[in-house]
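In order of appearance the chains are A, B and C, and numbering begins at 1 in each one.
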Amino acid sequence: MREKLIYTLGILGTLVMVYNLHTIFLDLPDEAMQGAVYRILFIHVPAVINAFTFLAVALCTSVAFLATKKFIYDSISVACIEVATAFMLVNLVTGSIWGRNQWGIWWTWDLRLTSMLICFLLYLGYLLMRPAITEPTQRATMSAFISIFAFADVPLVIMAIRLPNVRTQHPGPVLETGNLAPAFVPPFLLGMLALFLIGSALVLVRLHQETSRREIDSIRRELHAV
Amino acid sequence: MRAVAADRVWKYFGDYPALRGASLEVEKGACLALLGRNGAGKTTLLRILANLSKPTKGQVTTPDRRKVGYLGHGIGVYDDLSALENLKLFGRLLGVQNPHSTAIQALERVDLARVKDGLAREFSRGMRQRLAVARAFLHEPELLLLDEPFTSLDDRAVAVLQSLLRDARNNGATIVMSTHQIREAMELASDVALLERGKIVFAGPQSPEMLQDPGWLYRTHGEPQA
Amino acid sequence: MKDGLVAALAIAGKDLRTELRTKESLTASLSFSLVILVLFSFAFDLGRDELYAISGGLLWLVYSFAGALIVNRSFARELPNDCLDVLVSSPAPGWAICLGKTVAAFLLLVTVELITLPFFGLFYNIAWWHSSGTLFAVILLATWGIAVVGVSFSAVTVNVRLRELMLPVLLYPILIPLLVSAIGVTTALFSEDPQMLSANGVSLQLLIVFDIMYTSLALYMIEFILIV
């Protein structure tokens, strides 16, 4: 059942992605000012939106774990955070490529890039800490704690980088200001959907792996106790 | 009247159950010797009773923390504080009325009064153990939880501990003591419980057979060794 | 509640007393700060204006490195002899233990910072005393933030492998908003730039929000970490 779900999500997501890429590369014209590279934004922005979606889910499941002590919530947390971190990395790399093309530099310390890098580092710390704790209950509790602290930091990071003494040259949000040309909206939304489906499939795979690992660990302990 | 009770307590470390539905009731004023092999779950159960760990499933009834004294594997005194400072600190944490004079009295009881201003790190092993015992009995607790208290005590410390335990019993305190040293424990114990692989397989008053032949209990009620 | 505050005070006193007796983390922290100050002077060869532009950043980098050393010791000092078990099983509530240790770490870190400040002024020729009122306010607010998050993470990493490495890796990203604000205000105060000074209000507000939010989170959630 679970495997069927994973395959369905994965294949569906891949199909949507392939269709979308086809549209993006072949049907859409080059953008007036940016040329061809603007197409990377159809991955760049959906990646960050999906990343934050999965981080929000991880926050809820972290709180749920602390409340109920059920390990399924811990497994969902780590799976979501891993996938979200991967998406954040995708966002950083695609943003860097776009920036190199448009601004001539691989990196700059502007508002969006900086806050994204910090969020990436926050959750990278979470992922680095997990293997360092061997006992599963402790690992889950500490991870939940860190996850909540990290998520609480995200709005503060955004506020802090906005402080007057930080320059910014990142273009403003495109969706809200309505500057996105009508032709671009469907591929954008499909891009979000594709990444969401693929991300969900990956979360389920990771979830299964985490559950199996716990089972193995407990069997090993059982054997040693005899 | 129950002083402390555990009702079908399960404790999981990951997926491994260290305690599997352990149930125990200790009457007020009793002295219970908790026996069991290494890995049976004695320390886990005592830690849960001492509020150091939460059970995964099941209920635990313990008196107010102010009335509980805990002596675990570590001696639990600060090396960089003097004997008097250590006991005054714990007196304050335990809500003792007059920390200073109570500390002095406790030090006299364990025969450490003449070194009250010496740092704990300068003490010999036996002296540190006596200081630890003083700490556990400082607030005249109604419930004493002792995890293998006679292990690695020198003769003087054993004598002090036995004397304090007898006094505590005369004052109506309840004692739960996990131990390997069955002989010392049997002299004081009124009741005995055997913990085997996370379950209480025997709980009842001490009988002459146990006193004469300490291994009798394991043979009669315990699981055959692999 | 009152018992909790008494316990917090006792624990803070205990931490301070043991630290003043051994001076372990104080000495380490102070020496490290001074060494870093000297190292940075080799790293940069700057004119007057450029130096003022990075002055806040320099100071708070030094303070954060010093801070990591001090908060690391906070729960680590409870490990020998299993003293942490005694604290947790005592009637003292979890929040009292956290608060006591945060106060102790805060006081120790402020001490290191105040001792380091004149050396900073000396090595880099920065007249830090001109607007000392606001400067001290920033130091106190930001140091509390470092202490409260640092002590909480000290509790989290106390049983973790490679604790000395894991604590900074977790701590610094969380502290970035706090450090950015503190650096902004400090640089503005040192360079006495009116344009930058006008932004101080917002930065100080951010510091206060940071402190309140993380103090509440830490005190509320510390029990989950201490009693697993």
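Everything below uses one rule, namely that a residue touches a chain if its C-beta (ideal position, glycine included) is under 8 Å from a C-beta of that chain, and two chains touch if they have at least 3 such contacts.
These numbers come from a predicted model, not from an experiment.
Enquirer: Draw the chains as dots and join the ones that touch; what shape do you get: line, ring, star, complete or other?
Expert: complete
Enquirer: Which pair, A-B or A-C, has more C-beta contacts?
Expert: A-C
Enquirer: If we define chain centres by averaging CA atoms, which chain lands farthest from chain A? Would you check?
Expert: B
Enquirer: When the C-alpha atoms of chain B and chain C are each averaged to a single point, how far apart are the two points in Å?
Expert: Distance between chain centres, rounded to whole Å: 39 Å.
Enquirer: List the centre-to-centre spacing of chain A and chain B in whole Å, with centres computed as mean CA coordinates.
Expert: The separation of the two C-alpha centroids amounts to 49 Å.
Enquirer: Whole-Å distance, chain A centre to chain C centre, using C-alpha means?
Expert: Roughly 31 Å, centre to centre.
Enquirer: At least two partner chains per residue is the criterion; list those residues in chain A.
Expert: 137
Enquirer: Provide the list of chain B residues touching at least two other chains, using ranges where the numbers run on.
Expert: Residue numbers touching two or more other chains: 54.
Enquirer: Name the residues of chain C that each touch 2 or more other chains.
Expert: Chain C, residues with two or more chain partners: 228.
Enquirer: For chain B, which residues count as touching chain C in their complex?
Expert: Result: residues 47, 50-54, 64-66, 68, 70, 72-81, 85, 89-90, 92-95, 135 of chain B touch chain C.
Enquirer: Touching chain B in the complex: which residues of chain A?
Expert: Listed in rising order, the residues of chain A that touch chain B are 69, 71, 135-137, 214-215, 217-218, 221-222, 225-226.
Enquirer: In the complex of these two chains, what residues of chain C are touching chain B?
Expert: The contact residues of chain C facing chain B are 3, 6-7, 10-11, 13-14, 17-18, 21-22, 80-83, 85-92, 227-228.
Enquirer: Taking the complex as given, what residues does chain A use to touch chain C?
Expert: Touch residues, chain A against chain C: 66, 118, 121-122, 125-126, 128-129, 132-134, 137-138, 141-142, 144-146, 148-150, 152-153, 156-157, 159-161, 163-166.
Enquirer: List the residues on chain B that touch chain A in their complex, please.
Expert: Per the touch definition, chain B meets chain A at residues 12-16, 39, 54, 56, 197, 226.
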